[in-house]
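Look for chain A in each of the two complexes below; its partner is chain B in the first and chain C in the second.
And now, the complex of A and B:
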């Protein structure tokens, strides 16, 4: 398992760059990964999505929820979700929230 | 090449309920992974975007050898005899079973799914030849459909894309 220093902290990542231990995550790490993913600043709207993923992941074995679970659970619309996390929200949200790729197709 | 975004284009030519889903599922997955999506609806596939048909896609059990009665909770691997499938009401029955199965895995109905794709940035087009053949107009389609285009237009707009025919 590879490790990477993000926001001054060494964390474990898999070969696709997703963090593998949700407990190693913190808000500074999220902000740093967001910048790597092209999102210069995380707004309240971003945090609403990230916080939702962090709280629901317990029932998903450390994976991020799917996009439809996110829109249903947060009230954030699909359009808004794609504009908050452009070009691939499914992977981007999971990465920034320090979780695994979502399992499930919807 | 690295800065050029991956692009997947689907050609939807079927109007059966079961055949509506492959492009929806794969298109949604593509958008979630940051891949551009274009969908071209042709022939029966236009039912998927036609306002009066989109909520009424059906599945006829006749001739579908993979559809077993196990789907309806009957034990074993019994098929549905074609003669039985031809009885009045069987298409409605098979359709309702399939709708239930689709809902069980958390997949939305076709109209809602297509709207999700449009909101996620998918571009939808209807085939001009089919539109002319069936006597349809752009007004007959759901709002997300951008335009009615020719096969040649489709080829132009999908240059470099991976094309999947369904």
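And now, the complex of A and C:
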């Protein structure tokens, strides 16, 4: 497993740059990954979604929530999610929140 | 007399009724199973109907043929579960009490949740194969279709049998080859996930397969609405995918009964402990199959392995012992890849699909994560096993928990 220094902290990542241990995550890391993903500053609207993903993942066996779970849980519409996290919000939020990529069974 | 009430006579409810009827004393336990429908569907067979490989008769049998002697079948819809009173109200006005309730109400497609899908072009240029009627209508359409751009689109996960859309498109490749039409058909797979295969090892082993079959993949495609007149799917980011024939896998939801009874999540699935299938909020409600919010596939094989461990656990439960965390999320599934070949996956909550041999390590006869004719025959044989062995609750000589034996780490 590869490691990478993000925001001054060494964390484990997979081939696609997703963190593999959610416990290593912190808010500075989130901000740094967001910049890499083209989001220069995380606003309260971003944090609302990120915090939701961080809190629901425990009930999902460590998986990241689906778009529908995010919209139902935060009240943020899918359209808004796409403007907050352009080009694939489910994947992007998961990456910024230090969770695994949304996956199928294969 | 204690009462075990099962809602839903599908794969989960029927299997549990059969297994528990054998395990529980008939003088101590009454088993009642409630379902408004008297037809049992072999849902995995729907996939083959559009291509004329199966007909309706191959996938339906009377529900009552699979209800064990000593269990009561009540033909009625459940209208409301009242967990505080330990009873279920039926749509016909009757009320059934229970000591233990098993919910096996399944998951259903909701095309109406996506604007444009279930409108004037539904059943014309827009089809689905997750219902028997839909699969038959698609078969009729494909029989005379002259080619064009066929797009298979998954609206949103989770869906039943997550590999079925891939199987559909691989079978379509074979089907149009056989018809001499393949050069006039474009095949496109538009998925909300980051690719057709998302698990690293499966991607490495199977990534080539769609390219080889000349199937285009449109990843990260989240459909916002369909424009049925212009025949295009429109993404939330306003990008578009055009089609001549759209085969949609619509949004899935659990039964409305679950929502009405206040037991479900945002998609009407019931949150359960993932190792015991016991409801997270009620200690006398178990949930099996597609109705449960579990981080594994919605598929019959998941039910089969979950039920295997449940029987022993239920006997512990009635004696007041702690439940064992017996279910590990184990599933295996045959994937049709066309031209008489298939693939096989074997995985659980923790272990992604790996290459190897199954069920006998090193021997097989089935090859994991690899195309083979034997895997195709496994899938064909499976229908017989479903009706004659699994549904009747007879045991297969396969371990319920996943084994690492016979698997290669990479």
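Note that the second predicted complex is superposed on the first by the 102 of 106 C-alpha atoms of A that agree within 3 Å, B and C clash if a C-alpha of one lies under 4 Å from a C-alpha of the other, contacts with A are read in each partner's own complex, and residues count from 1 in each chain.
The definition used in the following text is that a contact is a pair of C-beta atoms (placed from the backbone, for glycine too) under 8 Å apart; a residue touches a chain by one contact, two chains touch by 3 or more.
These figures come from a predicted structure and were not determined experimentally.
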item: Clash-or-fit label for the pair chain B, chain C on chain A; value: clash
item: Touching partner for A:90 - first (chain B), second (chain C), both, neither; value: both
item: Contacts of A:54 with chain B and chain C, given as first, second, both or neither; value: neither
item: First, second, both or neither for A:103, with chain B first and chain C second; value: second
item: Chain A positions touched by chain B in one structure and by chain C in the second; value: 67-68, 78-79, 82, 87-88, 90-91, 104-106
item: Interfacial residue positions of chain B with respect to chain A in the complex; value: 5, 25, 28-29, 31-35, 105-108, 115-116, 119-121
item: Of chain C, residues touching chain A in the complex; value: 156-158, 162-163, 166, 191-194, 197-200, 202, 206, 220, 222, 224, 236-237, 251, 265-267, 271, 274, 295-297, 331, 335, 345, 347, 349, 353
item: Partner chain B, residues of chain A touching it in the complex; value: 67-68, 77-79, 82, 87-92, 104-106
item: Residue ranges of chain A in contact with chain C within the complex; value: 14-15, 59-61, 63, 66-69, 72-73, 78-79, 81-82, 86-88, 90-91, 101-106
